[in-house]
């Protein structure tokens, strides 16, 4: 029973159907009808003019956004536990041509204006120090917390006041949107975000994430960067069709909510073992190696995260029946 | 009737089935059973130990190979009409961190030891001039010519004698292999090639190309470069499964032969309009704007290539019935 | 007798004195009185507001300028014999993070709007092709031709009409200014140039070139790029003092004229051996290997340039007496 | 009275004389007699075969070394207060094409095998995490501590055991060598170091540092990187001559000792205000803003370093008479 990552989840049937449908057409690169509909579809979702690009990975989406917002000689403020810092194999440095990730603190991998200031204010404004040019947050965070609209806007205000770009890594944006119930616009452009990685793969897609530009002026150059990074698939319609299948009809949010529900069930069972509040589809629990081994012996598959700490992730394709056995096992620990 | 690019072709049913099959499993990144079988499957195909990586585009495959073979301060010898030079939006420079493409001549975009020497011998060996470190050829070439095993080996010998790496861009390797009838080993490692982009998308795949390392020592670093380039899809099993669907059972070569057959049919009809011999699935024809307009009026879709020159490409999914009308139209010009 | 390169010339006494003077002060990096005077001194020279930065090499100056004018995914139009293409070891690609040099033709390494258009018009405006973002010319050219003010302005107009940046590599700007007699403003910003490498080392300096920004908005970021490239010398006052010694009092132009005079003397002696008009301090002559050997046997040191072609360069420190013997030898060939 | 930085010190007369001497010769780039003597002169100093390159800044020397030791996708372990991390404007990321600085702890900016292990052992060996490929230490450290030969060897052993490169940033190597009295070989190659930035500018030079390769196989590629970075001065003999003036006759070490002596005098006067032991030419003192203002009112020029903390630096050109007034003032605080 898979609880180690939503990266491993299956693909939603509507996405599979979209691939079949896209195979009835023949156009190359991003000249197809699906790709051309993306701006409108995402514009509808966010209630604002946007430019939207499909890319095959969240890493690529994040890094294209950072490259658009930060010059090679600049820095990007992020949490020290951020995915871009720890889990993308140096991709931000590659795409930005060596911009520096500048690390900030914050509970549960969540930044605040205060923790951002603590880091940024210590950087002398001279040529010897790399200067921040952008901020990136992850919503939901790497520890499964969700930024509210207000919390996001506070960061947006802080960034704007300093003239910094603002990116939202939304690998699990569906979970954050579902948990907070916020309007996606309030979690992004109304809060000052310039760009969003709208994660779709963890939530039921196969191989397409969506990079959304609220600062639409940045998109044209990014089309060039996307090609230059070897990300412009020749049969791009199969990515565009995935995005539309997830976005049109709001499937993405429905599936995010579904995964959250499973996580909430587990959270209730885990009680005071929880290290962080459960505000998305991930749980971080205190568990001894013996306890972890016991759970594994019952067939539950998950990652150790640190000493006496495990991570559990619920995916869109796990309904209550799929989650209940683990909830019971946690309660019985 | 689509003759503008094999990039726009449909996806073969067996590939679609492989996606459905891969959706029954849940593993992340490249830890799945399909990804783990690639080395063996490609090793069987080439009759040698290889390392094989899926990537979503041929551009990415080519550029990862060049980055493995050439340091940032080196140069890559290629034809002046090569895809890496003209059609990859600067991706080689991005992946290699600024290595220089050094341009050579040759009929039909085909390099020879002589044309390589003409360029390379003029480069003084000092720090002011960028020195060649690798050679890349495209087989079949950008003008639809195929390198024979002997021609490839001549270049391999030339490269080895100078201590240069040797990459084969095989976006249409299936067509070249089918046309020459050569053993794939004779077109690659036995001819001295270190790396191959085995193109599968133009030939019937959806979103997976295969980067093959005959110099297996280069693969581990490339796994890191692949991640760093944002190319490590979290549900990588869907790419691996595509590669296996194309490679196991030799579907790739069968489909390459099928496209070639259509091109041969057109070539016979085109007669002395042909600018280059037709040795793969592409034709370059002399045609006045009026003639081109006439063909388009009959419903044939294709690109102008230069003044009084058009390009026709036959795809795997176009059988004789699909090609015959264009052949007749060409004959009637 | 040295005629192989002005790079090897001695340093002018006034520059040496400036170093002694600068050693009486103690300030770090570019906080010193000399560095602070550069903007004004160069502004006076060019009759316009400028930002002026010292750098230790012309390569660095050129490449900082190109990085300011061209994004990593763009291209720089230059002559196929340009120094940036052939003699800077890939530095433009390093500083621009992989921008592409796009090669144009032109007699004597001199570009014109026509030769620029011939190249640029052939580049389709899509993401597959790298798009030009800047033009760079070398004045005097690599073959010793000088652009007039009108010729420069024609290129500036062409660049502006296409929205491209315009850099002038003036490694031998002193020679061009002296030869044409033009106002330096007319060879640069009035002709549309955004940036200039004002070469001072070949003309009598030791280790300081001057990068001049007519587009002053580009300078602040370049201060960061200069530091990031390891070019911000901690005792920068010694570079600033060199620049001032050359610029204040117009020593740079006087020394350029002096070198030109020697070259003119040689040109008169060389007669129809000349391959290019002599419009600066370099000569390119037809000479058989035997003739070259004969000259060398008389003690003249110079480079072979191609088959039956030699290059002679006169430096600022070679007066008529120093040049006369070679003129006589040429006349006697 | 300057105590803010040894970067601002004057140039030693013997260096000035060397420049005059070098002006009697005419050769270009690094083809001169001085440049050619560097390998031998530095080989003599270190008692081993070395390759030695002049470069204009310590930043450039450090970053060329790191680029030689670490691929773009790798990481460099350094102290979180290291100069490469905080004061080089992102130059390491530029030269290495985006390698990641991986931060470690340690008293007084000094690394130990334990603090290195604490960081390195926490990095999972997968493609998602950037893997360390090199270690760099600063000797003397950013807080004026000197590594002994044994301490250096302990790090060298640690690095070798893990297959990592090992660089020593010796911006103040003269001070460390003078303080410890160690054989330079024992502080470098005998301790496992692959490369050394031998700082000469802070110690009395003008514009030349020396990058020393104990792993001589890395030097040839670095000659290309040096050119590519715009660091190959055309009149390089003036840098080579500076290096020789400092190295031959051991002037570098004598001047390092002289600066140390001044710092020791101040340290004795500062007593328990010292935050770190004084093992080179820098002091870090507790001082209230009032106390700092009082010192400045007496004409002493220095930097605040943190709240209630100031930094004092003694330079080679400050003898006891120059330092005594500040010592007295400190004692009188």
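We call the chains A, B, C and D, going by the order they appear; numbering starts again at 1 in every chain.
Here is the rule we use: a residue touches a chain if its C-beta (ideal position, glycine included) is under 8 Å from a C-beta of that chain, and two chains touch if they have at least 3 such contacts.
For clarity, every value in this text was computed on a predicted model and none was experimentally measured.
**Q** Of the chain pairs B-D and B-C, which one is connected by the greater count of C-beta contacts?
**A** Pair with the higher count of C-beta contacts: B-C.
**Q** If contact pairs are compared by residue number, which of A-C, C-D or B-C agrees with A-D in over half of them?
**A** Duplicate interface of A-D: B-C.
**Q** Once you find the CA centre of subunit A and the CA centre of subunit B, what distance in Å lies between them?
**A** 34
**Q** Can you check how far apart subunit B and subunit D are, centre to centre, with Cα atoms defining each centre and the answer in Å?
**A** Taking the average C-alpha coordinate of subunit B and of subunit D, the gap between them is 49 Å.
**Q** What whole-Å value do you get for the distance between subunit B and subunit C if each is reduced to the mean of its CA atoms?
**A** 42
**Q** Pull out every residue in subunit C that's touching 2 or more other chains.
**A** Counting only residues that touch two or more other chains, subunit C contributes 72-73, 88-90, 94, 97, 127-128, 224, 227-228, 232.
**Q** If you look only at subunit C, which of its residues touch subunit A in the complex?
**A** 71-73, 97, 127-128, 131, 221, 223-228, 232
**Q** Within their complex, state which residues of subunit B touch subunit C.
**A** My answer: residues 72-73, 75, 86-90, 93-94, 96-100, 127-130.
**Q** Show me the residue ranges of subunit C that touch subunit D in the complex, using the header's touch definition.
**A** For subunit C paired with subunit D, touching residues are 2, 4-5, 7-11, 16, 19-20, 23-24, 26-29, 55-61, 63, 88-91, 94-95, 201-202, 206-207, 224, 227-235, 238-239.
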